[in-house]
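Presented sequentially are two complexes of chain A, the first with chain B as partner and the second with chain C.
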Partner chain A sequence: MASKAQRTPTGLKIAANLFVVVWLILAAFPFLWTFWGSFKVELDFFSIADWTNALTGKNTEATYGRPFTGAGYHGAWVQEEFWRAVINTFIVCFFVVLTSLTIGTLGGYALSRSGFRYTFWLLIIALIFRAMPPITLVAGYLLPFFEWNLWGILPTTIIVLVAINQPFTLWMLHSFFQNIPKELDESAKVDGCTQFQAFRHVIVPVMWPGVITTGLFSFLLAYNDFAVTSMLLSESNRTMVPEIAAFLGTTYTEGNVMFAVAAVVSATAPLFVLVMFFQRQIVSGLTAGAVKG
Partner chain B sequence: MKHRTFFWFFLPTGLAMLLFIAAPIVSVVTQSLFAPHEAVLVTVESCGPFGCREETSIDQDATRELREERPLGRFVGLDIYLDRGHLAFGEVAEAWQNRTSLSDFFKRLGNLPFYRAMAFTLTYTFTVTPLLIALGLMIALAVNRLQAGLKGFVIFFSLLPMIVTPLVGSLILFWMIDSRGVLGSLIQWAANDPNLSLKASTGLTWVMLIVYGVWHSAPFAFVVFYAGLQTLPQDQLEAAQIDGATRWQQVRFVIIPHLMPLVTFVALIQLMDNFRVFEPIVGFNASAHATSLSWIIFNDLSGETRQLSAASATSVMTILGVAILLSPVLVRTWRDFRSKH
Partner chain C sequence: MAEIRLSGVSKRWGSFIGVDKFDLTIPDREFLVLLGPSGCGKTTTMRMIAGLEDPTEGEILIDGKVVNDLEPKDRDVAMVFQSYALYPNMNVYENIRFPLRVRGSDPATHKEKVMRASAMVELDDFLHRKPAELSGGQRQRVALARAIVREPNVFLMDEPLSNLDAKLRVSTRAQIKNLSHELAVTTIYVTHDQIEAMTLADRVVVMEKGVVQQVGSPTEIYDRPANTFVASFIGNPAMNLMKGEVAGGTFRAPHTEIAGLSIGDGPVTLGFRAEDAEVAGEGGQITAPIYTLELLGDATMVSVRIGGALVSAKADKSFRAEIGDMVSIRIPAQICHLFDAETGARIGD
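Our next item is the complex of A and B:
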């Protein structure tokens, strides 16, 4: 029961609700608009004559007989072979998440269970590494990678992304493992397990919520990366984001902006699905650091 | 846990960070002290019927040999840091001496790539951060009042600008504010100027990038503050109400102090993240009007000639900048640690 003092005056209620609506439009409208426009021809998407053309698709209808066309998608996926970039992206993301979770869980677990002072310093170093913009490291990679013929291939990029991911993964999993009572694995050790057996049989079964949340953020980092992937991958191995950037260079000159629009929508769709299914984990992951820190 | 066990558990992740973060930093610092070899020149005296002439040509073999022998280049100390592309002390001193006024000095400074990038990077960092905190706080307060059923829906859409790839997000906005796009047309109509283009003016480009930055990062602040509001002690609010605090006073004296640690957290994280602003400049195709340190590195490294030394020097200076912004975080973590042990 809300007391009279807690009841919100109507004016404020309307203002607050209006504000939420405005924010929702700001946040969602650009995506809806671009999604809708990606099924149009360029003259409708960028309309000089009348902005409502983008809604009705007047020129699209004149060209294709229907107000919607998949021409942009066909151009991007088939003609420009965007599907290659999509496959590369999923290879990179899959292996980055798998590797960084495997080694990150071991490291994070060790950091949370060792009481020695050096764990603090390792975490501090990880924090410093976390703050390092990835692009500043790229200049250091290029020379050795060229020398040893490692440049341009997917495995190199995967390892680099795993390493860049580690500081964040360690911090998240460290604080997560600290919330799992020490008594669990201590008692397993009393029963004669080694540290690894205790980890394998006692901790692994209960660690999945934290690991899934951390994995989501690893995925996002690998998926969204532009600096490393654009610098370390050869043209045929490009992932989606550098491929879109490369599209921009060619499409503006050739007048195929709709290819880039279709590619952008294609790259956004998986993230949409991800947020839909894992909204709770993403929110809890974002706040975990804040509430602790 | 024994040292030995800890070592084996930590080895894979430690090795990854050592090889691919620590070693590259060392390598970047080293490279920034070396410049590429100059071509080896040979002077040959060729004597013909009209007397002798000296000809200078590039000794291709010797040049290649030298480059292969020492791929790092020649040691030049801090020269790269001081050249025109970086700190450019010589040019700065000259600009100061030849200045006609203070604004003239800053204009001359703006022609130097490093200071131009620095001006935008710092403006961006220190305008976007407070704005996104304010916006995030307002959204959090407004959403917190909604019914439970609506909250999930609002949070879903609020997360999108942050989750979407920065390059993709900036492209989506860029196409909308194009002079032929829907927002571009709207702005032209509102300003009553059919030739207005956001891309053509430096000031408007900066505003555009800042708006993008706030749009992209406000959801993070919102989510953190929203979580903080869930732990707000109700008795404090009630006490304030009994004391006759107005709604604004409740926000000002109860809610904001409660959220203050989170505000500090968001501010520190965002200062570091905004300092590395890069993708929006590529997405908005804005490099003619706004550059950042990260963009300079990217620009030096891409293209036909990869200017490793120049990029390394900028990288080192970016790392130093991040280190300065990071120091309060480190001090805080250290204090936390001391108080616990």
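Our next item is the complex of A and C:
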């Protein structure tokens, strides 16, 4: 039984729960609204006459005979071939995560184990580059990319995203590595490992939650990026986010906006799955080092 | 089979001297203890032998071979770390097996070797647990088992007992002593605890500020400290040290007069051990008011103040007096150690 001091007054309990519920609705509302609206026609979801049309689907019913329609999805995925953008996004994300994690783990490990003073300045410089708005870098990239004929293709975008991403992964992984005692490397080395074997057999397994967390963050950065992908990719190579922006840009054809809405829902869904799947690692990664292991 | 030789080994970081010109030969199968306060360079010395730190100068030889440029893994040493450094993602069995695995020894022999090592430290029942599920003493024993499993040439232990509580420390200490006797491997053991040094060592190296102060058997170091630092570091309580003047073979300090010393006139530091002195009603060499009285159970420690220093003598356990009572302490000349007042070095035999 909880002691008297630990027991929360019923009023406070209700208030706290109520607050959580209200907050949850507020936070989830844009997603829920978009999800609901994605099954409507444009005249309902963007109704000027009566906003409740978005809920009831009056015009959708008039057009398709049902209050829900998959027309937006059909338009986006089949007519506009949104799946190409999905594939492009996953190619970009995969290689961005792979490259930045490889460089990040090796670099972060090296920096965390290095006794030299310049490591500090390297990290500070990395932080400065991280603080820069990506768009300022893109402006500088554009001209050489045009001249060298590298503009518009996925590899270029991947390299640029890695470059923008790398300071962050380096920082994050560096701090994870710093929480791992040096004795662990040393013990592995005395036990018979080379430096790299110590890294692979001993450090990386301990680091796993940190690698997953960092990987997820850099995945999200690549997945959500607009500034770089919209400037550097040709129309046929677009990833999801600039593709959605392009749908929105063609509002003079009725219904195209609904392609964007459907595409937004399509782009958000995988993120939910991803975060749910990795949530345990993420939580342990975010709190790693908070308590002595 | 390994003799370790350090010749002129130094370690410097910029202008800071970690270890200064360390010369020592450690014969095969010796249990050597490096003893000193923290920051004295004892751990650095051990880390240089392990290959985790490069000496700035000098040579380290294992079995007559210079190992300065060898990686730790090629030196055939095993090390027990102060923090145990167990691999948290592996269970006890895998932890102990790790050195065998990475060295690529025949997998068929692993199980037997791990079982033998774990039996030696009584860990048989815990082989499937993760390090996080073990107590401090058990973790310590896993670290020991991991070190012995491969039967290395040299055993290095860096304060292996300092993270254990007092009771466990005593039993693990006994276990280490027994283990080293059974394995008969050259062992270097780092500690700041003089009792560990006294109980475990064949030979003790006392270090301070990177410099070797004295090398000798525990008895030598206890009975004939080479200087005031060793005298004040070894023994519990540490040796009493008094500053005073000798004139005509008699040492004089406040409340103190010790005759019969065979030494020239001049200032000296005189030391004696509390257990060698005798507390008497009168007629002793020190006569002073009692500063404090401590009951130890098996004895009573009587302390007086001489100059600025606290001087203690061990009295019988039935000795009773009040603070402030006059007491007389007998310090015959033969129990006295004399040290140079300036350098602190031992004078005479």
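Heads up, the rule we're going with is that the second predicted complex is superposed on the first by the 245 of 293 C-alpha atoms of A that agree within 3 Å, B and C clash if a C-alpha of one lies under 4 Å from a C-alpha of the other, contacts with A are read in each partner's own complex, and residues count from 1 in each chain.
Methods note: a residue touches a chain if its C-beta (ideal position, glycine included) is under 8 Å from a C-beta of that chain, and two chains touch if they have at least 3 such contacts.
In this text the structure is predicted, and so the values were computed from the model without any measurement.
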Applying the touch criterion given at the start, work out whether A:L184 contacts chain B, chain C, both or neither, answering first, second, both or neither. second
Applying the document's definition of touch, where does A:Q197 land relative to chain B and chain C: first, second, both, or neither? second
Looking at A:S114, would you say it contacts chain B, chain C, both, or neither? Reply first, second, both or neither. first
One more residue to check, A:P205. First (chain B), second (chain C), both or neither? second
Hey, is it chain B or chain C that touches more of chain A? B
Residue overlap on chain A between the chain B interface and the chain C interface 293
Any idea which chain C residues touch chain A in the complex? 50-52, 71-73, 77-79, 81-83, 85, 87-89, 98-99, 102-103, 132, 146, 150, 156
Using the touch rule from the top, collect the residues of chain A that touch chain B in their complex. 3, 5-6, 8, 12-13, 16-17, 19-20, 23-24, 26-28, 30-31, 33-34, 37, 45-48, 51, 54, 102-104, 106-107, 109-111, 113-116, 119-120, 122-129, 131-133, 135-144, 147, 159-160, 162-164, 166-167, 169-170, 195-196, 220, 223-224, 226-227, 230-231, 241, 244-245, 248, 257, 260-261, 264, 267-268, 271-272, 274-276, 279, 282-283, 286-287, 289-291, 293
Of chain B, residues touching chain A in the complex: 1-3, 5-6, 9-10, 12-14, 16-17, 19-28, 31, 71-72, 138-139, 141-143, 145-146, 152, 154-161, 163-168, 171-173, 175-176, 178, 180-182, 185-186, 215, 219-220, 223-224, 227-228, 241-242, 247, 262, 265-266, 272, 275-276, 278-279, 282, 285, 294, 297-298, 301-302, 306, 308, 311-312, 315-316, 318-319, 322-323, 325-326, 329-330, 332-334, 337
Using the touch definition from the top, list the residues of chain A that touch chain C in their complex. 181, 183-184, 186-194, 197, 201-202, 205-206, 293
